[in-house]
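Input: a single structure, listed below in structure tokens.
Labels A, B, C and D are assigned to the chains in the order they are written; within every chain, residues are numbered from 1.
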């Protein structure tokens, strides 16, 4: 099964499209688009866990928030730290934490795992609240965005559009890597484990280690997204590590659809737009959110992406909704 | 495959286009973005603050507006999350060129908004965020606080306790920066005002504590004459509700005792009567200006401009004075105009101090009594005044280094 | 020749219930060894212990002199053991090709790599194609496993078992649920693919057993009753009694 | 000595409340393997129902104690029958997400109907009084909470271990197919379990109202505590819930006395410690 060249063309087109956005969009839309790309990475990392590995975590924000805080704290305490070094520090620390937490929590499965991750998220939140001297507690931490050091030149990313380009390239590349990851040996291993874990064991795969590696990887990616989130807002508060942030990513992924790679990206898009405008329309938006959620669980478990796939199939005259697992993600 | 990509791209662009503004900002209005939690658990607090801001705009507009322009309040649901608040505010700045923001709830939202204000060169003022550091170590020229901070409020209550001659004080606060700042300021002032007074118990509990019994037992065991707490909302309600039956009978001196919602939520006036609080605005300020304000508000709205509403109203009127003096909505001009400006409103004479942008004003202390003219439950007796100079923190002590442009 | 595989004094009890009470037999390299026995004799339990799914309560599994007992399945696979399942246990959403490829890449250590794509490896592709051809699924290589007929799925099951290039193959009732005709094909398939390997097979169908096995071990009440050539077993009175006793 | 006894008493009362809240959650979790995120929202609903009833009963709690669990039982049964059962086939992820959405809906509806303000719920009658214990004044209501917890615990234990229903329940969990062939309607049993869990949450809400006051954030505040009880006590174990509630109740009480600086994190530290030492919880079965 060769990856169709098409996918690469689409990626290049998307990047080019992204590159002209600053010429087309107004500044505030560009600002929002930057945020959407960051949250898309966060959502993609979560979907690798939920959609590909079938692990329902209610604690993904602990990595997102950890990455966000580590970036902020290191920028504040290490003078002259460059932007990418701060991101790398975040990445390293979230990777280590993901490995340790994963080792502890992955001994459990299903609902129990979900509950544990939520409890650990609460633990992280409590620590962030309590550890005022480092995290700023309830006040949060504000930073000023450091410059990019490219080795030969220093690049200012203080303007909305220059930071947008940075995010487009670095975060965009991370998303592409995640997509590529789903086709690599490890990505396939994870997917196959969800399909038939027992068989994988008897084919020589250590499924426990695989799960731990994946959990660590997705945690690190979430931490990366968190670090960029801090750099974007130049501010981090405990809401970044709160259960609300887990809820947010769950919503993005679920609304977008867990069954395709690009579903969560769409979900992040819709979520951010809605969060901006739905609350202007009604202050009862949590009610509508709940209703949408229940409706989708009951009737559209595949999310928006599944709807789009179904519509496409309907247009192309094919009948029946086929269950498009990530296994066939490359087809869509 | 191609088709699906094309379609999803179409969808994406459609959403993008929809998110573009459909109208240009009207030039003849002055917009204020009010960041408040308008959904979720603290919705009621956000709505009451917003009510005060909106009423201020209404009063201004009824008198012909500000600089001949209408004032329009744009509510921003912060969800009590700094990132949500700043994102929406940022959008308003970029989209509609909104230059003025205000908010009263959540010091983390305030810290983020203050920083945004500096970066984007807009003005953020608060009528409720009390953390002293916001006009202290974290001050900046774009952030104004036309309300009391923790220092001022704690000073007022410490003064009051000292004056009443209480010797043994138990203090209890929520275990986060607000509570810690409030207690620190209280202890500092009490030591000055009455050196012989003793803190017999100092307790911190997590915000949202459900069982206060272990704390109450420690308070009772310490046998204080009086209890001081900056707790608000449910943390105050439950403390009283669980404490009184266990024999914690001391009077409570609290920041926000004048919250009619707390009194109603207790549902038992006897738990409240005798307690005292101090605030920049309370309904029972016995000045002519306040009585007029209360009367006209009541006539227009059908209810009283209690606590939060009043604070937001007075602060917004103060801001309007600054714009009026500047004669323009240019941010730098308004900042300049507001620094040192004095406003004589319903809550007395307020001065915006230039060195840290912290308003200096009298605080009004009041005792909860069984019968008032306002409600059929217990409420505040006519307020007494703690003079501005008694609750003031000298510029040098605030830790604020104001950068000038 | 030293022992190739020695199942040594295996005991197993499930919360007090004694299932295996000292199973002991040896398998010679390159032989086809069938384990038979009446229902409830503990065949499946024994099979699961050898393949690493269960842990034995006591005893040892000595493979080329090394004790493998208690090692998890994925480790056993790397020693060269591979098992099939009685109930078809394939990746039903995936194509036949990917099913086989999963084993092939595991054999060559491409399990957790974050950068390499298994389907881009020419060598793996060729090896996979070869196995598909060997088990006779060449025409349906691109179909998802769920689209195959039952017989084809059983062939795929064997194909997956072969895909890690094991030297010791454990087959759990490979012809279960097959028609007579399918069984015949299956026998010749197994015969072909295990030509140069060691095979342990558990089977109910005596035709299959007697047409494939070099050695037969009879399991009865948690113990090995006899272990001998098919002819000897056929004439063993104890074995006859055991089977008659059941019926 | 006296002081220790008093703090122990405080711990008992809070433990009682924790147990009441987590009993239904752990029951549904253990029996149906459904982590019910809407449990705390149902608890909140119970508290608000109770508010409306007590308003008309001049503060007497007794009617609420009967009516609210029944009302929640019916609501729980409807949720199971018309929502949860529909997604059961899609696995536990779908079930979790469904209850998650329901929690939002219930919480918002409650706020819509009863408003955003905290409500005054005060019991009258002898429950509002105090007794003298060990030389201190102690509210009767706190003792009442603990007694209610004992009552509910015993009732559940009796049903589970001494009645035919209990045998069916436990069997249905282990082997639903066999039970099905015995002529027991397993879906009905599951509906009953879920409804009973909901009824327990309603009961807890009634009890909690007068102690904690009834306000929009009450669901959010209690949910995590209940989760920690389940984690510490062990997967779906009733006995575990009892022990974990007591442990956390006493920890909160003595923690305030002994480690005031850590109070916020003590509960989670206990949880982490239990997980490291015994991953399945104190009384949980190894998976």
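Points worth noting:
Here is the rule we go by: contacts are C-beta pairs under 8 Å (C-beta built on N, C-alpha and C of every residue); 3 or more make two chains touch, one makes a residue touch a chain.
Keep in mind the model is a prediction, meaning the values are calculated, not measured.
Touch-path distance (fewest steps) from subunit B to subunit C is 2.
The chain with its CA mean position farthest from that of subunit B is C. Interface comparison, A-C against A-B: more C-beta pairs in contact at A-B. The most central chain, judged by C-alpha centres against the centre of all protein C-alpha atoms, is A. One simple way to say how far apart two chains are is to compare their mean CA positions; for subunit A and subunit C this gives 42 Å. Between subunit B and subunit D, the centres computed from C-alpha atoms are 36 Å apart. Between the Cα centres of subunit C and subunit D there is a gap of 50 Å. Residues of subunit A in contact with two or more other chains: 129-130, 284, 286. In subunit D, 264 are the positions where the chain touches two or more neighbouring chains simultaneously. If you check each pair of chains against the touch rule, the ones that pass are A-B, A-C, A-D, B-D. Considering their complex, residues 1-5, 7-9, 11-12, 15-16, 19-21, 38-40, 43, 77, 79-84, 86-88, 90-91, 93-95, 107-108, 111-112, 115-116, 119, 131, 133, 138, 175-178, 180 of subunit B touch subunit A. For subunit D in complex with subunit B, the touching residues are 3, 6-7, 10, 13-14, 17, 111, 115-122, 128, 130, 136-139, 141-142, 211-213, 215-217, 220-222, 225, 252-257, 260-261, 263-264. On subunit A, the positions that touch subunit D within their shared complex are 50, 54, 56, 104-105, 107-112, 114-116, 118-120, 122-123, 126-127, 129-130, 250, 254, 284, 286-287, 289-294, 297-298, 301.
For subunit C in complex with subunit A, the touching residues are 51-52, 72-74, 77-78, 82-83, 85, 89-95, 97-98, 102-103, 105-107, 110-120, 160, 163-164.
Of all the residues in subunit D, the ones that touch subunit A in their complex are 29, 33-35, 83, 86-87, 90, 92-98, 100-105, 107-109, 112, 224, 227-228, 230-231, 235, 264-265, 268, 271-272, 275-276, 279-280, 287.
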